[in-house]
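Down below are the structures I want you to see.
Note that chain A is present in both complexes that follow, paired respectively with chain B and with chain C.
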Partner chain A sequence: MGASRRPSGGFALAGAAWLPALLVLLVPAWLLLRATGGDGTGLTRVTAPATLTLLVETVLLAASVVVISAVIACSTALLVARTDLPGRRIWSILLALPLAVPSYMGAFAAIAAFGPNGLLAERFGAELPEAYGPVGAALVLALLAYPYLFLPLRAALLGVDPKLEESARTLGLTPIQTLRRVTLPLVRPALIGGALMVALYVLSDFGAVALLQVDTFTSVIYTQHDAFDRSGAAALALVLVAVTGCVLLLEGRARRTWRGRLTATRSTAVSSDRLIRLGRWRWLATAWCSLVVLAAVGVPLMVTAVWASSSGATCTHCEPLGTLALNSVTVAGLTAVVCMVLALFVVRYATFGRHRRRDLPRRLLYSGFALPGIVVALAMVFMASSWVPVLYQTLPLLVVACTLRFLPQATDGLAPAMAQVRPSLEEASRTLGHGRLATFRRVTMPLIRRGWIAGGVLVFLTTIKELPATLVLRPTGFETLATELWDLSNEAFLGAAAERCILIVCLGVLPMLVLLAREVER
Partner chain B sequence: MRLHLLVCTFLSVAVGTTMGCNKNAEPAEGGATVTAAAEDNGPITVYCGRSKSLVKGIFDDFTKATGIEVKARWGKTTATANTLLEEGANSPADLFFAQDAGALGALAAKGLLKKLPASVLDKVDAGFRDPAGQWVGISGRARVVTYNTDKLKPADLPDSLEGFTAKKWKGRIGWPPTNASFQSFITGMRVAKSDAYTEFWLKGILDNEPRVYPKNTPAVQGVAKGEVDVAFVNHYYLHRLKKEAGDKPFPAANYHPRGGGPGAMVNVAGAGILKTSKHSAAAEKLLTYLLSKPAQERFATDNFEYPLAEGIAPPEGLPALKTLKLPKLELGKLSDLESTLKLLRKATVLK
Partner chain C sequence: MTLRRTEAHASNANETEALHIAAVDKAFARLGVLFDVHLQVSRGERVALLGPSGCGKTTLLRIIAGLEHADAGVVRIDGRIVAGPDVWVPPEQRGVGLVFQDYALFPHLNAATNVGFGLSKPAPTRVAELLALVGLSDKAEQFPHELSGGQQQRLALARALAPSPSLLLLDEPFSNLDVKLRHALRTQVADVVTALQTTTVLVTHDQQEAFLFADRVAVVLKGRVCQFAPPRELYTQPASLEVARFVGEANVLSGDADGQRCETALGTLTGRGDSGRVQVVVRPEQLRIVDGASPNATLARVQFAGTQSRLLVRVDGIEQQLAMTQPATASATSGARVCIEVSDTVSWFPHP
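Let's look at the complex of A and B:
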């Protein structure tokens, strides 16, 4: 019965935690094989001057997206969590919606809406600059990715024990000082974790950067594949893996330098008399939130709706929308469930250990999130077709690929919740005679449920949007909303494409609404 | 420590196995010609880099006519070709239908395609198929200059693409340099002229600050919207967008450079049969069907593409292939995209 006193878990836990990490590591192993293959010129790309330029451009883009996202996320999270902003519960939901918008949709909309001949100029006569270029890309990506910061930040703000801030106030600190010296250190882990996800989102994004004509590692890797320069593409992808490693090191260092002590108090509701009163500023605050939601969700939906209503060529070869939606939900649902189960092991293993290396599997998984989808997909093609041909081009393999890409979103949702589970709490339950399962169900689960489900929802809606891996790995004849949208958008079927695009957003929004609505009720 | 060891062992085993498998990845030589077994009724798996909306109807007609089931995987041509390269000897594919001759060339270079019988190859002019007989062109796509008809008349346009390096075209040109057809066209220019000529031309166009589009459709839309006056694209995007626009005005038209040259080249969408195919006779039937009159006419009427089988008329309103001044070049050599990419990077067209 040593296990009950040693919460580090058994061999099974270690195995389950390492399994996905080792699978992800096969991708860089395959990259190494490809980079050194061919005529052997691939690795020279690593040291080419063009790669350095690309590195600078990619890092600059990622950094600026993080900064812009942080401004949007911090301001809006403070508004909904700490002020008497009118309708702040509704805003909590609305401000999370951009997660459901695929990046190609956001970028397409920005291109169509802006510019001297854009839809906005046509409707309102406003002379707006074009969306192309690094500035446009940074803004579009920030508007799509800021919820990765907004959601954890809002949760952290709501989780801060109000008594701490109150004490600070009674000791004579001004509200601003309290924010800076008490609240900020408490939410810093959420801030750092969110910034990491935003940065990795930018590194792996293809849709927006390609459409907005900005070069990043990912877009150039796609170009290399298009030219059948497999060794060059692999070499660049290896550099991207190294960049991801550096970002993770930075994040780890930031966490250690500013280690916050997250209080275990669970969402003691901040009573309304403790809220900051906005007074006449509330209209400005409402305008700011409206602007963010309108730009991030309103414009893409509006542009897509315009296309959907334009007659266009009728699609005679299309699958029924119901079948497509069902297929999309099947892949996304299965991936979400698999990710949630694996995340339990990975996070559990990382949380209940003294050694930092127990956190290694969780951190290794981020490389799957940062790599372009096509790289993960082609690695799976090679490995599955030669080692497990039975699985090749089947639904399970597609789910595995999506899991490797999106698992970090599930672990990110779960990790802060799991950190609140004190081993002593579980030990007490075990001492009182509950079995391991009963303890998990009755003690652990209630504490982690919210973050756990939130992570699963995030995986669900990212998988619904996923295109490159689905296109390469899906079973023959199996079409999803995203694959057919891709097919239609290549040809002159904008109307039918727009319908599928809107359905993707709706399917992503639904579980998010259910989740957030429940949370807001509390 | 134990964990570190575990990871290292796992990785070395993984890499070792990967390398080992790769040695077997080259499919066995053999079956120089496809011998048709009359009773081969498929089903056949087709990796299709062409859009579903373009060819699904044709596959359905083939199934109706022959009873052979076609399992189609739709995808991007280059991603599909990369998939086939990764699959190697383990590919479940029978036939690859590509958007571009370059992708077929890349597969042929790796020895993944079978030599096709003369009965198939002879249906198509020698200029539109692989000289080694490993793939055959199905339909043709002409390079054109799409121009805004509100701003320009054909007489305003230069005889060949060289004319667009003149100063008066500054800020008026659009192009999609990351697009596969565009890169094929640049490869065509390299093959028909030379690397030095191509680099000189690219720099001349770059000096005129061309507007970069992600692909052909937005470039043609850009011409109609007046963002640019001309764009270097394939011919059929204009016809599709005009059909989509219906009664709404779409002020754009195509110009086939009257002086010929690389700017007037015709690339092909084509197909080849994989050496790993277990139903190559059925796949060959599909290939024959794609070159038959009903299928070829559908490429012309539905997709505005040039039929390549001898004796079938081009789409309405398009000049006949024979009247175009085609550059002399072997489409098989368009697989050398690698050098094109290097050149595009050297000329700073691509990063």
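Let's look at the complex of A and C:
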């Protein structure tokens, strides 16, 4: 009876929750239209042998990135949350930084640093393995995507009720057994959710796979587009949508086999005597964390810095950096705000009700995160020019496209926070004389604020990095850091490009630092 | 039922009526939870809704508070209709205080701000007054998780009382506390609401708690109010066998009733009920051992429980064992043959 007592929220809430999901669903509908249109050869691409090869390669890449990310994220999250690793608060921040590194930057750095003529080879004169190919791509992507797993895992590890682990110890389990049989099963939802985000990140990534010369659906879709094979590209995008659907189904199954339910516990500060003592292993642990951060953030920054300082950083025909940064921040900021508002409705709708279909909008939105930016962008162009021509090449349309792509990051941040708000808290406020809005402002908001803002920050920094949708949808003459970075690198102004790249990372890192600095207080 | 009033009568609301519930129905997903519920509570009265878990008593409380919509019926607080056909007053405008079973204290606010939450403007003196009332003056700066269970409970009470509600609702507020604390707090809460003359409705599944707290108790079974009466009347004159079984312990014997007499295996009993084949309710304390008379039963078990002993007896001619109590000072050994008789008037109900 408990669940049915929750307020349903009425049609307004349902409408606001379903609106973005329906917009995302319009993308595959448009793709279907595209793929079957033209000379009708589009759909034959779906069954072509090359598509099957592509499918296998893409799935293999995504799977291996998930596995590598999981290894990195589990080990580092356990170290910062459960051991006496020296400086574990600082490490919590440093290990999240790769989120701000664009994948093209990571790939560039890998190519520049490794390989026969790379910076490292030049300096040390040693033979180093090639960065190109699926192995290099998997490593680069894993190093950039693992924070999607690390952050929820760390939060979940800190949130596990200490009483549960203590009772396992009193029942005769060693610390390692407790970890395996109690702690890890309890954080499994975080693990599954994070793995999903990593997999979708790989499916939608263009920068890294293109530079490292690996074929995935997304990179081939781009090539098709450039070759003006629009219906072929649409057909491939449809297959990608199907793959995403399978990933979402897998994730749903994995979640459902877990029948337990974490009761909301207040986060207890982990007292220092509950931490696992690393002893002399602490140096190895520190070395591991250093290696991860150095490879994921240090090397890209170093390589870019070397370029920015060496080859002519000045660019005569460029917009001033201030204007570019302002434009980037405008797009990213607007997208973050829109995502935060929509996430509120979507998560609210999913949380307050017992029917599984109430969670459907939230889950459908994940497909937006997996779609290549260019597909979403072109779908927007089509819809705008058919239905609302005034929107074409305007800032609002660009914000809509970025919102559809990145909204899942906002809902992921908000959902666990919203789950902590027991219905009785809001009901108590109502019986004490406060209306819906006042109750939201005075009770719900303070309780969800942290997760809500965290989701917004994540949207902000991925939008700052975003390139393809911005390239297609930006208003004429509107340049952002990412679009000019693209133009400059095409014109081989590498120094100036590197400068913008560093600025992108900085703009993304700043809000993240503010957020994480408060987060690691606990 | 005697509680039933016609609509015409009910609309002629009487001045001392704090809460009036008429013909309330409620179903969740087509599953009926409340059926034709009627209840009238006078101003300043302490009332308990007593029933097993899942009987609908909490739902009724939430309908009164406005946290749940009734499917049919009318709810009136202080003469004002707050829920009914075409009328719906949202919870924040009902002037009802509710203490939740889990207390629902705001984890981001300290004790003082929790208490002040329902006040329209900051009123430090009022907050201090209430904290003093519940004995938490020295905890004003503490956060909910820093307080013990009993302190959290009292804080939730202070918060609900702060806006001076005309009606206070308590949803199993003592169930998360240990026995001693429960007794102490129940007395304290009863004293506080009596001093403030606040009409109070307590929801509980604990018969003793309901009896000790309330002036009148409504027994709610399977979504219906089966009887609404003072505790003593409820216990001695239950309206049905179900009520008798739920309120206190009941030995049930078969018998043949005729007027005020009833023939049973324990002899001819006097009491109330319909004539014919009946089921007779005999309370454990209504049974006693008579010395010297010819034995009609065997003591199956003797249990010492402090102030009194609990005995299980097997009466000749009756299948099941009967429970009875007697002062612990009286001697009894299991296996002994004794004479049992009923010392009081009893109630009986038609055989189903």
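The rule we apply is simple: the second predicted complex is superposed on the first by the 509 of 522 C-alpha atoms of A that agree within 3 Å, B and C clash if a C-alpha of one lies under 4 Å from a C-alpha of the other, contacts with A are read in each partner's own complex, and residues count from 1 in each chain.
One rule holds in what follows: contacts are C-beta pairs under 8 Å (C-beta built on N, C-alpha and C of every residue); 3 or more make two chains touch, one makes a residue touch a chain.
For clarity, every value in this text was computed on a predicted model and none was experimentally measured.
Q: Sharing chain A, do chain B and chain C clash or fit in the superposition?
A: Aligned on chain A, chain B and chain C fit with no clash.
Q: After lining up the shared chain so the two structures overlap, which partner does A:282 touch, if you call chain B first and chain C second: first, second, both or neither?
A: neither
Q: Rounded to a multiple of 10, tell me what angle the C-alpha centres of chain B and chain C make at the one for chain A, in degrees.
A: 150
Q: Touch test for A:432: chain B only (first), chain C only (second), both, or neither?
A: Only chain C is touched by A:432; chain B is not.
Q: If we overlay the two complexes on their shared chain A, which of chain B and chain C does A:89 touch? Say first, second, both or neither.
A: The answer is neither, since A:89 touches no partner chain.
Q: So, A:255: does it touch chain B (first), chain C (second), both, or neither?
A: So A:255 meets neither chain B nor chain C here.
Q: Could you say whether A:169 touches chain B, chain C, both of them, or neither, answering first, second, both or neither?
A: The answer is neither, since A:169 touches no partner chain.
Q: Which partner, chain B or chain C, touches the larger number of chain A residues?
A: Higher number of touched chain A residues: B.
Q: Identify the partner contact of A:25: answer first if only chain B is touched, second if only chain C is, both if each is, neither if none is.
A: first
Q: Quick check: superposed on A, how many Å separate the nearest Cα atoms of chain B and chain C?
A: In this superposition, no C-alpha atom of chain B lies closer than 15 Å to one of chain C.
Q: Mind sorting out which residues of chain A both chain B and chain C touch, each in its own complex?
A: none
Q: If you look only at chain B, which of its residues touch chain A in the complex?
A: Spelled out, the residues of chain B in touch with chain A are 3, 6-7, 10-11, 14-15, 17-19, 21-22, 25, 45, 51-54, 56-57, 71-76, 78-79, 81-83, 85-88, 90-92, 102-103, 106, 178, 180, 183, 212, 214, 217-218, 225-227, 240-241, 243-244, 246, 335, 337-338, 340-341, 345, 350-351.
Q: Over in the complex, which chain A residues touch chain C? Could you list them?
A: Per the touch definition, chain A meets chain C at residues 1, 4-5, 266, 422, 424-425, 427-435, 438, 442-443, 446-447.
Q: Would you mind writing out the residues of chain C in touch with chain A in their complex?
A: 28-29, 33, 54, 59, 62, 65-68, 90-98, 100-102, 104, 106-108, 117-118, 120, 145, 159-160, 162-163
Q: Could you list, by residue number, the parts of chain A that touch chain B in their complex?
A: Residue list for chain A touching chain B: 14, 18, 22, 25-26, 29-30, 32-33, 37, 50, 53-54, 57, 111, 115, 117, 132, 210-211, 213, 215, 219-220, 223-230, 311-313, 315-317, 357, 360, 374, 378, 381-383, 385-387, 389, 392-393, 468, 471-472, 476-477, 479, 483-484, 487-488, 490-494.
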